[in-house]
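Accompanying notes for the structure given below.
Just so it is clear, A, B and C label the chains in written order, and each chain counts residues from 1 on its own.
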Amino acid sequence: MILLYTDFGTTGPYVGQMKAVLRRMAPDVPVVDVMHDAPVWNPRAAAYYLAALAQQSEAGDVWLCVVDPGVGGTRLPIILDCGGVSFVGPDNGLFEIINRRVPGARRKTIEWRPDSLSATFHGRDLFAPVAAWLACGEDVPGNGLDPSAERPGMDWPDDLAEIIYIDAYGNLITGIGGAALANGRSIRVGNNELQHAGTFSDVPEGALFWHRNSSGLIEIAANKARADEYLAVLPGDFVEIV
Amino acid sequence: MILLYTDFGTTGPYVGQMKAVLRRMAPDVPVVDVMHDAPVWNPRAAAYYLAALAQQSEAGDVWLCVVDPGVGGTRLPIILDCGGVSFVGPDNGLFEIINRRVPGARRKTIEWRPDSLSATFHGRDLFAPVAAWLACGEDVPGNGLDPSAERPGMDWPDDLAEIIYIDAYGNLITGIGGAALANGRSIRVGNNELQHAGTFSDVPEGALFWHRNSSGLIEIAANKARADEYLAVLPGDFVEIV
Amino acid sequence: MILLYTDFGTTGPYVGQMKAVLRRMAPDVPVVDVMHDAPVWNPRAAAYYLAALAQQSEAGDVWLCVVDPGVGGTRLPIILDCGGVSFVGPDNGLFEIINRRVPGARRKTIEWRPDSLSATFHGRDLFAPVAAWLACGEDVPGNGLDPSAERPGMDWPDDLAEIIYIDAYGNLITGIGGAALANGRSIRVGNNELQHAGTFSDVPEGALFWHRNSSGLIEIAANKARADEYLAVLPGDFVEIV
């Protein structure tokens, strides 16, 4: 299965053009759009969400991931090989959180280049063909990178105490893993201090709480109400564990 | 074919995570996203639109439907069996309009539970596997519910004189079936009284009218203009047949 | 492969209903959503973007295209046959730019009608079945149209000096082909005169420039910033080559 994770948005032709390449080159491999509104131009926030979502991978999966504000610049195209599960995309930190969590994960460069490579759309021209080959079990030429060498994002924390995404219901997803926080702890957002609850229906309608969401991240939510509007927060805002 | 009808929105990872389950468990069954912006947290409005859309089902179809503000609470997970066409989702009235319209439709509970059931995402963890099994022709253990017993939504009207959805063009879709209204009747929205027309090009540009839309529901529209902006209405607003 | 290009938007049931028809009638043919937010009700702007996107077609491709404000009126349903690549949709100019650029392209009418044709949704009821047949290699009855006869949009320019689309990043896509403009030329938008750059990272952060985008069109963009907000422009605004 090829799983897509990009910041292309759900409008415009970019996702479709990339998928046309995948369907032509790997017609028998299912393609699933996991998310196309990953944090825009923000590989750091996107890295934490991707690491959470990718926990549900299975052997043979190829993740095609593009959050790539530096496209056309000097950043390398890479494959992160996690032993059965591969990640294809830019070497800008997007795979850093997975890299440090998965024992034996290895980065390698992609040395292949298409005959015609647009300056701005490596997702379609470079990453998609590579993902298609990997998903079909073919090898892609590249050079292994030294695991002890400098990596973009090496200085990022293991848990990111920040709102990395606001979903369609107004729930606030943080970059903090569910295991990082005991139920007795609170999270402060602005002047509000929120307690833990198991799920939405455990609190009164409109009440705010935090919980471990279905992807394993700490999430701030309200029962049948929009937490984002009540708290007036935006992606990138900090939260504080207290 | 598995047909998806949810209020997950077109952004975020929820649809993709659910589809990844379907593609893993039922790789040969086509999956079609019918709609992911069904009326949010509103099983009542969503029930009328679903009943209209589901009229184009064929034998073997499985509808995976999630408009489920009570997820994690006490509402049952059910299958509505309509003799060849199945509906999988929460027992909160979402299938009530179909249930009362299809002779011989039968509700049964879903007794299967996954090893790991998240509190907030039964669409992925519970309903998707069940839909995949049904689409593959497998049986899912459950208990038939007495058709004469109380059902959520039993008190809802057969036609809902309300705007249940506003589409991307600004057309206002009501919960009133096309057969409920003769062409000579008018619909009042606020201070406006609208007459019937066969289709858009039958009225002058900008003019408002009502018609039977392509899903069989009464719809209020304007020729090459946005009816929602002109009438300043929102989903949930009432309309009146006069 | 069937490629979809519509102005249905990414919400609502219309895309899904059309795809359900395609998957039922041509289950073995991949379907790719290229774009569902083509310029709304604007076959002219949509024609230039389609002509650019369709350059990446391969033999056997069928484009199912619906930007059709005149649905239900007198415009003909047609197939544009480009020798191996077909375009199915309304004869309102949507295929005009392709027609004049592809040698030997031929328009023919679609004479088939379904038993039940809704007044407002020919995409689902008429164009989708025709596209499915063509993609399966079947013939669809119709009458060839005289290439020298009057065509909707015949008076449109070969390059459209207008913003035809604004993408999710705020980039402004024009209807001007990349070959129409030498690198030394400037583009004026309002009071701003923009110079050429090869790609985003060639200019400072926030700086505006024009480039040839990945679909071959002239695009106005800013490095890690939204050109649309800085320039305060909308689709349909003119640009000037200076």
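Things to note:
Keep this in mind: contacts are C-beta pairs under 8 Å (C-beta built on N, C-alpha and C of every residue); 3 or more make two chains touch, one makes a residue touch a chain.
Nothing here was measured: the structure is a model prediction, and the numbers come from that model.
If each chain is drawn as a node and touching chains are joined, the picture has every node linked to every other. For the two copies, subunit A and subunit C, the CA superposition rotation is 120 degrees, given to the nearest 5. If you average the CA atoms of subunit B and of subunit C, the two centres end up 31 Å from each other. Counting partners per residue, subunit B has 10 as the residues that reach two or more other chains. Residue ranges of subunit B in contact with subunit A, taken from their complex: 8-17, 19-20, 23-24, 27, 40-41, 69-73, 118-121, 124-125.
Subunit A makes touch with subunit B in their complex at residues 1, 3-4, 10, 30, 32-37, 49, 53, 56, 58, 165, 167-169, 198-202, 211, 213-215, 224.
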